[in-house]
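What follows is a pair of complexes built around chain A, which joins chain B in one and chain C in the other.
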Partner chain A sequence: MLLLIAGTMTVLVVRNLFVATMLLGIVSFTMALIFVSLDAVDVAFTEAAVGAGVSTVLYIGTLAMVGSQEKERTKFAAGPLAICLAVGAVLYYATYQMPPYGHAANPVNMHVAPRYIEDSPTEIGVPNMVTSVLASYRGYDTFGETTVIFTAGIGVMLILRQRRRRKEDGKKEEKSPLNKPGDGSLTGLGSQHDLVPHVVAKLLIPFILMFALYVQFHGDYGPGGGFQAGVIFAAGIILYALVFSLEHARAVINEKTILFMMALGVLIYGGVGLTSILLGGAFLDYNLLAHDPVHGQHLGILLVELGVGITVTAAMLAIFYAFVGRADAIAEQMD
Partner chain B sequence: MPNMFALSSQYPVLVIVLPLLSAPLCALLRGPIFPWALTTAMSALAFFFSVELLAAAAAGGPLSYEIGGWAAPWGIEYVVDPLSGFMLVIISGISTGVLLFARESIAKEVPGHQLGLFFSAYLLALTGMLGICITGDAFNVFVFLEIMSLSSYILIAMGARNDRRALTAAFQYLIIGTVGATFYLIGVGLIYMMTGTLNMADIASRFADIEGTRPILAAVGFIVIGLSIKLALFPFHVWLPNAYTYAPSIVTAFFAGTATKVSIYLLIRFIFTIFGPDYSFGGVDLADILLPLAVLGFLSMSMVAIFQTNLKRLLAYSSVAQLGYIVLGIALASEAGLTAALLHIFNHAIVKTGLFLSVGCMFFAAGSVYLKDLHGIGKRMPITTFGFVLGGLGLIGVPLTPGFISKWYLVVAALEKGSVLGYSLVAALMISSLLAVIYIWRVVEVAYFRDPPEGAAKGEASLSLLVPTWIFILGSFYFGIDTTLNVGFAKAAAAFLMGGA
Partner chain C sequence: MSFGYFNYWVFIILLMIGLYTVMSRTNLVKKMIGLSLFQISVFLFYISMGKITGGTAPIVVETVAGAAPPIYSNPLPHVLILTAIVVGIATTALGLSLVVRIKEAFGTIDEEDILEMEDNA
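And then the complex of A and B:
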């Protein structure tokens, strides 16, 4: 916790954005540890993969485009500080009269949760209760979240690709303040001379992908599920793209496939829902998917988690590709 | 569950899920026609479902739909009552009308190869709005709020082809909107901690015991401020004028009628169903905080609107002012005030959409929406400009227009409040209406009393643009003259909320 506070404070002070990015990575790992100690292992997975892994890569990609030195700030921002302090004060104020942490008689533990804990083994039959709640009791929220991720993916595709097209139209864009020409190319990282990263990555990537699949399909039993698996899978491919080159990664999976996969994931999830309507039940009523309700729940959860995993992988990759493609576009322009 | 076989019992979920699932399909479609056709068909279908649902809820009481077959509060529940049904009809109706306009308009503003993704984002925005209105679950609201917000940032940024400032506008909206959504989430989290449930009806039934506790005070504060940011209540409105100004025409028209209204709906839902209209922070009533903001909002924003040089921005400021009227209706915290607020949600949606569509026509023909480029537009595009003027009358609140009806109800509700406060509110309303006369008149002056520039082409926008515009303009007059439908449903919804609270 102290590490967390120290980390964030330093981020505020540090002027070099590259250092700040590295610190943010550390903060994310610390957050992940805190989540583990709060028994939320799945959240910790996600935080480690997204917060420390993917977003650090994206930050660095952005820095490659805009340069790493922060502009001198001219004035002290009093308004935002006041707002932040006010929000903090209200939250602090609210902590009084909060129910004690982890107490069994808290409202949270007295009302809805007991049913999840007591009945989910018989109603759903999945050992991991978090998965039961996420994918079945509140499966519709998860469907919504998957859609949010899909939305983010198409948003990035629309906005960043649009700007690339503008360049191709021949309109000159404003030049970004690059430090050196060619600095912006992330694909430059995939140099053929970096033997050590190549070997290490070749060893690691199969295990990362394997682990992702394990998290995906073992989500019913242990911590994990589609979100975590998708992120880890995407991180594996991003590592590949970083070490070898974007072109190599594109050969494995290109933008069209990504768009198709993003759509496919949402369609699988929704398709399960529509199937249960066609079978005469409510939307996402997995009980009807098989003869036995418990089997139906299993099948339903497996399918929707697969949908989530596919969409998340594809959306993460879409964001990464779009950023890297953008960096390359600027680099070409500088040459 | 044999009764589930009936298709009509699935309407509550189909109205959301069909547009939602069309979005990924739409993203894969190519060509100029297919994405648009699919989107329009889905929007029209959603409109049909919404009308059926509202009719069913009005006739037989609130409908409830348990998603996944899990009973609330364990599962997520969809609830169609007179209020949410009313909102569903407004949103899907406006969306369908705007889409009729969209095919030709958007082809000019968004590159062809992006139409699939563009309409996909449009469908997601529609789904998000509908989902917020129909759900009975406080966290599910957040999920759909995210869908709506993310897709609206995208849609606004799509204006970048005409004006790069759209990107900044979208980014500003993204930052402010995310703060709003986070505040909402913090509030819901605190409520969950204190009640152990996320279902709205369930929260409401447990709310009385805990309403004075500190976490709940903070939660109410966070939710009200978060939603106020989202609905662009003065002084949280700074994102709105930029966003509306630089977004593509149809996006502006769609959002002006619906996006902020959805947040208002949420505010109404939370205040009247959960918190209770007389909720107070240790002596200061929630309503007493909203009321001055609303009044300041409509007065100052009408004033600002007068000085705008960009027609879309002028209308955007006018929108913030009109939102002030609606919040005033809420803050009066009476059945009459609520009726006025709901009525104005409907009336303003239809009038403002019509106005933005006619501006879209002007943009299509003249290529600009700055007043200086629109000199003599009344002679160049007589039909479009006449439509704009009629819509403007609705904004001012001239008799026979819907603006008059909702202002009438607002005045009645204000007078109920007693002598001094009531009369000063009425005076403020009058002043604001006079300001509206001025800003509309500025457009009229430019349009009719200035000479068109040399060599400017005369010519109307094509029929596929004019017809939808005039549907909204004429529709607004219909609802201004024959008020049984809109006033009827607004009254029913207000009575339902006050009775059910």
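And then the complex of A and C:
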């Protein structure tokens, strides 16, 4: 905990954005460890994969394009500091009205949670309650969130993938002041000569992908599920792209496939919902998918999680490809 | 007793740091980092609320006959935060891609410089 505070303070103080990004990764990872100690294994899983893995890669990708030095500034921001302290003071005062930490009788734990805990093993038949709440009880929410990820993936692609319009010769040589140090090709990371990363990555990647599949399909029983698996799978491929090169990764999964997969995941999810309507139930009513409700729930959750996993993988990869592709385009223009 | 609020206090401190970073730094990437910190602090808050002392992760375990039934921590905040993390990274990516475009359009990612250029234009 104190490590967290120290970490975040340094993030604030450090001028070099690259260092700040690394520290953010460390903070995320520490946070994941804390989540484990707070019994939130599923969340810890996600936080470790997302916070310490994918987001760090994305920040570095951005920094490669925008340069990593923050402007030196001496002005002291008194206004924001005052606001922050005020907010903090109000919140601090409010904690004294909070129910004590860790009591089973707290209001948070009294409302719907007991029902989930008591009934989900018999109603859904899935040991991991987080999965059953995620995919079944709160299936609508998750559908919405999957769609958000889908939209974000599309958005990033649209923003970054447009070829930079070559303004007819007149303006061409302005080329916006991008040729500062700090711009670089990300494919440069896939150096031909780094033997150690190559060998290690070759050994690791199959296991990462296997592990992702395990997390995907074992999500009913242990911590895991579509979101985590998607991120881990994407992380495996991102690692591949970083160590070898983007071209190699594109050869494995190209952008068209990714676009298709992104839509496919949402379609699977929506399709499961529509199927249950066609079978005479409500949207995402898994009970009707098989002869007995518990089996139906199993099937429904499995399919829905698969949809989520596919969309998340594809969206993460789409975002990553967009960033790296952009960096390369800039690097080419500089040549 | 007062130590029972420790998690909440850490949450507040992290939240303040995040908020301050967003408001006081003019570098857009730094602002995004601040936003991420802010997010992480809220995650901590939710998960802390769901924790029950002496509880275990909300995955059904087989109990020995006669033993006390296990106490599970609240699964609901876990679900909410789990999805929030992934949605968070997706939106962060969107923000970063906008930053990249701003860099291309203005040649800087410093808020003050951008405003200056806008005024001069």
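The rule is simple: the second predicted complex is superposed on the first by the 311 of 335 C-alpha atoms of A that agree within 3 Å, B and C clash if a C-alpha of one lies under 4 Å from a C-alpha of the other, contacts with A are read in each partner's own complex, and residues count from 1 in each chain.
Criterion: a contact is a pair of C-beta atoms (placed from the backbone, for glycine too) under 8 Å apart; a residue touches a chain by one contact, two chains touch by 3 or more.
The model shown is predicted, which means the values in this text are computed figures rather than measured ones.
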Superposed partners chain B and chain C on chain A - clash or fit: fit
Contacts of A:155 with chain B and chain C, given as first, second, both or neither: both
Partner chain in contact with A:277 - chain B first, chain C second, else both or neither: first
Partner chain(s) touched by A:202 [first = chain B, second = chain C, both, neither]: neither
Partner chain(s) touched by A:116 [first = chain B, second = chain C, both, neither]: both
Chain B versus chain C as contact partner of A:91, first or second or both or neither: both
Which of chain B and chain C A:248 touches, first, second, both or neither: neither
Which of chain B and chain C A:263 touches, first, second, both or neither: first
Partner chain in contact with A:80 - chain B first, chain C second, else both or neither: second
After the two structures are overlaid on chain A, angle v-u-w for chain B, chain A, chain C in degrees (C-alpha centres, nearest 10): 70
Chain C versus chain B, contacts on chain A by residue: C
CA minimum distance (chain B, chain C), superposed complexes, angstrom: 6
Shared chain A contacts, counted only where both chain B and chain C touch the same residue: 91, 95-96, 98, 106, 108-109, 112-113, 116, 138, 141, 145, 148, 152, 155, 159
Touching residues (chain side chain A, partner chain B) in the complex: 90-91, 93-99, 106-113, 115-116, 136-141, 144-145, 147-148, 150-152, 154-155, 157-159, 161-163, 165, 259-260, 262-264, 266-267, 270-271, 273-274, 277, 280-287
Of all residues in chain A, those that touch chain C in their complex: 1, 4-5, 8-9, 11-12, 17, 20-21, 24, 27-28, 31, 34-35, 38-43, 46-47, 50-51, 54-55, 58-59, 61-63, 65-67, 70-71, 73, 77, 79-81, 83-85, 87-88, 91-92, 95-96, 98, 100-104, 106, 108-109, 112-113, 116-117, 121, 127-130, 133-134, 138, 141-142, 145, 148-149, 152-153, 155-156, 159-160, 164, 176-178, 221-223, 225, 227-228, 230-231, 312, 315-316, 319, 322-323, 326
Interfacial residue positions of chain B with respect to chain A in the complex: 1-2, 4-5, 10, 13-14, 17, 20-21, 23-25, 27-28, 65-70, 73-76, 111, 113-114, 117-118, 120-121, 124, 127, 131, 137, 139-140, 143-144, 146-147, 150-151, 153-154, 157-158, 160-161, 167, 186, 190, 192-198, 213-215, 217-219, 221-222
Contact set on chain C toward chain A in their complex: 1, 4-10, 12-21, 23-27, 29-30, 32-34, 36-37, 40, 43-44, 47-53, 55-60, 71-79, 81-83, 85-94, 96-101, 103-110, 113
